[in-house]
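Each of the two complexes below includes subunit A, the first together with subunit B, the second together with subunit C.
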Partner chain A sequence: MKKYDVIVIGSGHNGLTNGAFLAKAGLDVLVVEKNDYIGGATVSRNLHKDWKYSNCSYLASLFRPEIYRHLNLAKHGLQVVTYNGGFTLTDSGDYLGSFSDHEVMRREIRRHSPVDVDAYDRYYHQMAKWCRFIRPLLLRTPPDPTSFKPRDLDELKFLGKKFFDLGQRDLYDFMKFFTVSVGDFLDEFFDSDLIKAHKAGSAVVGTNLGPRSPGTAYVLLHHYMGDVDGAVGAWGFPRGGMGAISGALAGALQEHGGEIRINAGVDKIMVKRGKVTGVRLENGEEILADRVVSNVDAKKTFLGLMEPEDAGEKVVKAAKRYKSRGSSGKLNIALNGVPEFTALPKGSELIKGDFHIVDNMEAYERGYDEWKDGMWSTNPYLDILIPTLTDPTMAPPGKHFMTCFVQYCPSKVKGQDWNADLLKKFGDNVIDSIAKYSPNFKDLIEHVEIRSGQVIDNEIGLTEGNIFQGELSLNQLMFNRPFHGCAQYRGPVNGLYLSGSTTHPGGGVMGAPGANSAREILMDMKISTTVPEDEGDD
Partner chain B sequence: MTNNLNNSYDVIIVGGGHNGLVCAGYLAKAGKNVLMLEAQSQVGGAAITDKLIGGKKVSSCAHFLNQLSPRVSNDLNLASHGLKLSASNISTIALDLAGNHMHLNKTSVKGGNVSNSDADNYKKFMTLMHEYAGTLGFMIDIAPIDIFNLDWDDKVAAMKLGWKFRFSLGAEKMSEFLRMIGMNIRDVLDDEFDNELLKGALSFDAVLGTYTGPYSPGNFLTFLYRIASGNSGAVDIPKGGMGAVTAAMSSAAKANGVEIRTGSRVKSINVDNCAVTGVTLENGEVFNAKIVASNANMKTTVLDMVGPRHFEADFVKRVGDIRMRGAAAKIHIALNDVPEFSGLARGDLINRLVIAPTQNDVERAFNHVKYGEVSTSPMMEISIPSLVDSSLAEDGHVLSATVQYAPYDLKGGWTKKARADFLEVCISRIAEYAPNIREKIEYAELITPNDMEDRYGLIGGNWHHGELTLDQMLMLRPVPEASQYQLPLDGMYICGAGAHPGGGVMGAAGRNAALEIIKGKTK
Partner chain C sequence: MTSQLKPDHWRSAVKYSPFYNKIKEHDYVNEWHRWAEYTTATVLEDTTIEYFAIRNSASIFDITPMSKYRIKGPDALDFMNRLLPRDMTKIRVGRVAYTVWCDDEGMVLDDGTVFRVAKNEYLLCAQERQMEILRRNSVGFDIEYSEVTDEIAAISFQGPCTCKILKNMGFEGVENMKMFDLRFFDFPGGEIMISRTGYTGDLGYEIWTKNDQAELLWDSIYEGGKDYAIRPIGGNALEIARVEAGLIAAHVDFSPANETVRPGHAKSPYELGLGWLVKPDKGVAFNGRRALIKEKEKGSRYRFVKLDVEGNKTACNAYLFDKENGKTIGHVSSTAWAPSAKTNVALGFVDMPYGEVGDTVWAEIYYQKELKWNKRWAKCKVMKDPAWNPPRKTLTPPADF
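Take a look at the complex of A and B:
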């Protein structure tokens, strides 16, 4: 019976990144996937006629350029197209546009709030500064602060120096930024509630926090630190939808001899005498390997795929305490044309970007309060995009695909499981919200896929549908991600590793956790590593 | 000490709150010639004993003594200056509508349907909290470490901190602490306990006096703060109300030679050639000193008294950005007799009574304040101090309660009607547990966060002169450039709760500031 060097459980983008780097280093790699398609939450799926839906994740920006280059993803068909535009619609019938041209953006801010023009410059520079500070940390393994190993001490020293080098003023500003709420953070810059609302969305996306909850400012950064072709903060679409990323990664994996098996859900990670021996599939088949990498989140890995006695009491307790609450939902919509938004000037290019309909901070916070009580927000924050305006390959000619991310949406409705009726009510609320600003929107709808956290959990295994494989809160970042003892990508038994967003640096279609994990595996095997560290694209 | 001819002193303290008194006491003890200027007719700031209409007396703001630094108490010999306790180490009783109340002590809990496993976990959890407090509590009594200008004291503190963290706590507890430090109290408690009443009461301790709800990240730390400061979290009742504490501090200060002038409102702190020269009162009187320590709010000190032009723009911006939102109100009630609380004996009522049935209730009560509304079903901490201290009410009793939550910026303002309505909400809330309270009420008053600003200079109505959140603690408090009590202006210090370690009748900020002044480090 064939024995692999490594089995990767789950073909999400991090699992594929991990497998591809290991295969590139010459290892015999098998990726097993429970669904009949690869990609996990990074997929393009034909769910309606000739439409392709990026039905989970919907944007590329955070994906590390180092991985793109080292796995030669261009050769495997990955092309990321930048988009421009975006706007927030106001209740009063106006809009605040997003412009990539700094001068135009200043003018747009002046139109709404003259005192905020200079604040925008300060805000922009500060965010850029924190992006540049944090980006080099993404492709590094966090140190264990309790360890005396030379490697950990070196890394702590590196981090200490990096922080110290910021200088007094910036270091203290960063400490503040790292713990403050996005509402308080934005209050220090802007006067206009509309501008704050326009900016605050990224800080609560995927979190179980409101804009007044400490720690949300950092999440803002988490969504800003990406880039497309070296333009920091830019966002883009992979041509053909998010599946193009997993497709290219799978191509790289296979180019180096790695294998992928679909319809191969894992039942258990097999452990003998404190060492992994392989995986047992749901159909009973056993596949042997010296190493198993779980790309599944920490909760499902340690509480679902392992026997408690294998994981150990400490890890089981920590996994139970690991927080992965779902707070978002999604609608994927097939449209027969481009919806008109009455507030936008005719022919405005802004519609090519991401747009939102919550125009004040109180509404966000009230939406969060509803979620705390187990309900979806009646006036939800929506992050809406029509990728087909930039990449027409996702829908038939003249037709469009709209992705609509919804914050907040509970993983259970007042403790009750989701059913078709609840999904419809939730979806209708979102569609009505959009239709208030777009008279022809409803008429254009040809098909809608409505997804709650629970639906996403059942389909691709993100616990409660948490888009980050675990909340991005201070207690679950860096050496605390997922928790102390497993933060360096190693599980509690020999030969077991983690590679998903459940590890540092966390969620988003970034690939960094998968790459870092591969580097650690190769280090343990004393194979000279093929995994890049930060290459300083700034 | 008698007034000197040229009105010249070594140090002038602006504001006679408890931290100012402590600071003055330490400075005078070290031989400095100190003048304290207090705007009101008595010293004590927010820590005084108020006389209600009808003559009964009650602590103005905080009504329990649980954070007073034992070091301050000993060094200034407050006992010999009249500080007495009428009750010490009292329990907390978490009130239950069905009368099945829960009694919480340092490491034990009983009643309220608490399960054995929750009781065991409580013991383990509180023991761990006390261990954290014991290990890290020394930070409260020193100036925050200035990592960019390490002097000898800073180096010693940094090494001590590292050592304690790594060796006293050990790897496991250290990593657990690093995990918990940024957490919200709700997740911490949900991880440990099942009993809702227990979690409600403990979460209340984390949010008391803050602008947070149990779900807000960071307030695990405020929970720990209560335990780390003072006498390991033990709650006492001062004899004569909180005013007796500041009276003892005042007496200690005077005994050490501090000159105290009440009714002397400082209009400006004077600066010449980038150095402090003294202060001018509103009546035009001038007092000279090369060192001025302000016990007033940081914003008041910098923006009003010294004036922004004496600081760099960046510093002024930071001071303006300090968040100080108050979300707690107080009610004072004069009673002709003790009300009956269902399920509690009269003897139980000397304890700290808490209304916080579940964490969700506390969070829902918090929701309102974010939108400028008052809680419709507020949470409370109730004290009936006259049960143990008859000097407060010769006939009858007084009840005071801290109420969460009431906003500073109430939509529509704190009109007469708004005040009456909220007072009614609060009384009804108590009446849910003490049905006959209305028959006993002689007089009741509400103190809003705005009243606290007006009366005690607590800007925003925030007890701590700046919210105690991670980004406003330690070397970030009140702003990084002033974290070691000295402002970037020669001779200008702050000594109040706005500085590390923050609010509560603790005295630590006043002591730490005095030690920095005595050390005389120049920036």
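Take a look at the complex of A and C:
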């Protein structure tokens, strides 16, 4: 019977990244996927006529350029196209636009709040400082601060040097930044509630916290630290939808001899005498391997795919406590044309970017209150894009695809499982919210896919539909992600590894967890690494 | 100031100075760039010809795009003294001060000129935006401040014939103005302000008017200067003059501290060769004072140097070394072949303790001839004074030409 060097459970982008680097190093790699399509949450699904839906993740920015380059993803068809624009619509019928030109952006800020114009520059430079701190950490394994291993000490030294390089004042600000709420953070810069609301969205996306909850400022940075072709903070569309990323990664994996099996859901990770021996599929088939990489989140890996006695009491307890609550939902909409927004002047190109409808901080907090109560927000924060205004490949000519991310949305509605009726009510609320600003929107809708966290969980296995495979709170970051003891990509038994966003540096279509995990595996096998280092900004 | 901006302000993203139409009449090459919100000429005809108007006759450069702020109120002097490291009690009404301002770490935010137009009123002019710096520092002071960038049209009028031309225009007594004096003169449409200031290291003035006076001012300068080879210039000509005069520029020679992300990349006044502006003992606290006192005691990291570079190849973007093929000790930030001083000038920074006046450092110069790159080592002597520093810059009353 064939025995693989490595089996990767789950063909999400991190699993594929992990497998591709291992295959590139000459290992015999098999990626098993429970669905009949690959990609996990990085997909282009053909769910309505000729439309392609990026029906989970919908943008690329965090995806590490080093992975893109070293796995030759351009050759495998990946093209990430950046976009400009975006806006926040206001209740009063106006808008706040995002302009790429610095002077025009300053004018736009001045139009709404003259005192905030210079503050906008200050905000930008502050974020640039934190990005510069954090970006080089993405493609590194977090050090264990309690370890005296030379490598951990070296990494701690590296981290320490970065800290002290910040200088006295920035060091204080930086410590504060990681613990404050996005509301408090933005208050340090802006007077205008609209500008704060325009910025705060990225801090609550996918997060089970409100804008006044400590720790949300970091989530803002998490969405800011990516780049497209070196432009930090920029976001882009993979041409052909998010599936282009998993498609290219699969191409790289196969180029190096790796295999993928779909319709191959794993029932259990097999362990014998403290060492993994392979996986048993849901159909009973057993596949042997010396190493198993779980690209599934920590909760599902340790509480679902492993026998408790294999995982051990401590890990089981930690996995139970690990937070991966669902807080968001999504609508994927096929449109017969481009919706008109009354607030936008004719000829505006801003609709090519991400747009939003919450115009004050209070509304976010109220939306969060409803979520705590087990309901979706009646006035939700929406992150909406129409990728087909940039990418012509995702819908028939003249038709459009709209992706609409919804915050907040509970994983169960007042404790009750989602059903068709609830989904429809949730979807109608979102559609009505958009239609308030766009009179022709409803008439343009041809098809809607409505997804709650529970729907996403059932389909692709993200616990409660948490987009980050676990919350991005300070207690679940760096050497505590997912929790102490498993933060260096190694599981509680020999030969078991983690590669998903449940590990450092966390969620987003980044590829870094998968790449870092591959580096650790190769290190354990004493094989020279194929995983690139961060290329640096300076 | 409430904003009059409309939701479709982005349709015209560029502002035109009140002098734009006048300048455009002299524009043959259509080379413009943006300076803040305004469009501004890079070259109008020929950089060298424009440069020589600065040094030989009279040049007009539109400085309307400069960031301009009015600060007034009973605490105006105290406020300026708190913000600026200079002793502002020494700057009387009718005088202008060149100065820098710093953050709490003593790093330079920007440099600019402060005009004391009345006992309790100042005009602040700078390259960068200062509104938030004013806002944050105004706490506790009884002052009002406002941005007046778009309300004041201004030109820099520089060259050896400028005083004569101003006299021809009827500005009586203008010849008695000393360097850094400012005065108000009658002009159709209301008083205008003339200051004996500039960015060329030469005899020259800056003239400040209301927008609706701009074209009349322009015409009257042309009338007064018709026999003096007067002409407008673009930014490239000015750049040569300022390097020749050893004057620094934001974003070229230093990175404003509030926009600097990388540790160690901002610079202090001492490191910019502007220690003479810092008065730690002026009797009141000012931004950056403690850090600057500490730096004065412990020593600076860098030294600003004005270099006389051997040979005729400018040391553009060059590294500086202690000797030929030696240790890297600094870098060049600005260069120009100085056509009046006939010197190959470089401005730059070296690590302490290198670069004392009279010392020699070396530059590794790369230059291109017909697309082929060549390399040359050049000995550079650290100059005490700017390459161009003529007596006429300060002579009062100035000669007619």
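By our rule, the second predicted complex is superposed on the first by the 536 of 538 C-alpha atoms of A that agree within 3 Å, B and C clash if a C-alpha of one lies under 4 Å from a C-alpha of the other, contacts with A are read in each partner's own complex, and residues count from 1 in each chain.
Note that in this section a residue touches a chain if its C-beta (ideal position, glycine included) is under 8 Å from a C-beta of that chain, and two chains touch if they have at least 3 such contacts.
Since we're looking at a predicted model, the values are computed, not measured.
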item	value
First (subunit B), second (subunit C), both or neither touched by A:Val117	second
First (subunit B), second (subunit C), both or neither touched by A:Glu103	second
Subunit B versus subunit C as contact partner of A:Ser348, first or second or both or neither	second
Subunit B versus subunit C as contact partner of A:Arg366, first or second or both or neither	first
Which of subunit B and subunit C A:Asn72 touches, first, second, both or neither	neither
Touching partner for A:Ala128 - first (subunit B), second (subunit C), both, neither	second
Contacts on subunit A seen with subunit B and repeated with subunit C across the two complexes	168-169
Sites on subunit C touched by subunit A in the complex	1-3, 5-11, 13, 34, 36-37, 104-105, 129-133, 135, 258-263
Of all residues in subunit A, those that touch subunit C in their complex	94-95, 97, 99, 101, 103-104, 106-108, 110-112, 114-115, 117-119, 121-122, 125, 128-129, 132, 165-170, 343, 345, 347-348, 538
Touching residues (chain side subunit A, partner subunit B) in the complex	145-147, 164, 168-169, 171-172, 175-176, 178-180, 184, 188, 209, 212-215, 321, 323, 362, 365-366, 369, 372, 473-475, 479-480, 483-485
Contact set on subunit B toward subunit A in their complex	147-148, 166, 171-172, 174-176, 178-183, 187, 191, 212, 215-218, 314, 321, 323, 360, 363, 367, 370-371, 469-471, 475-476, 480
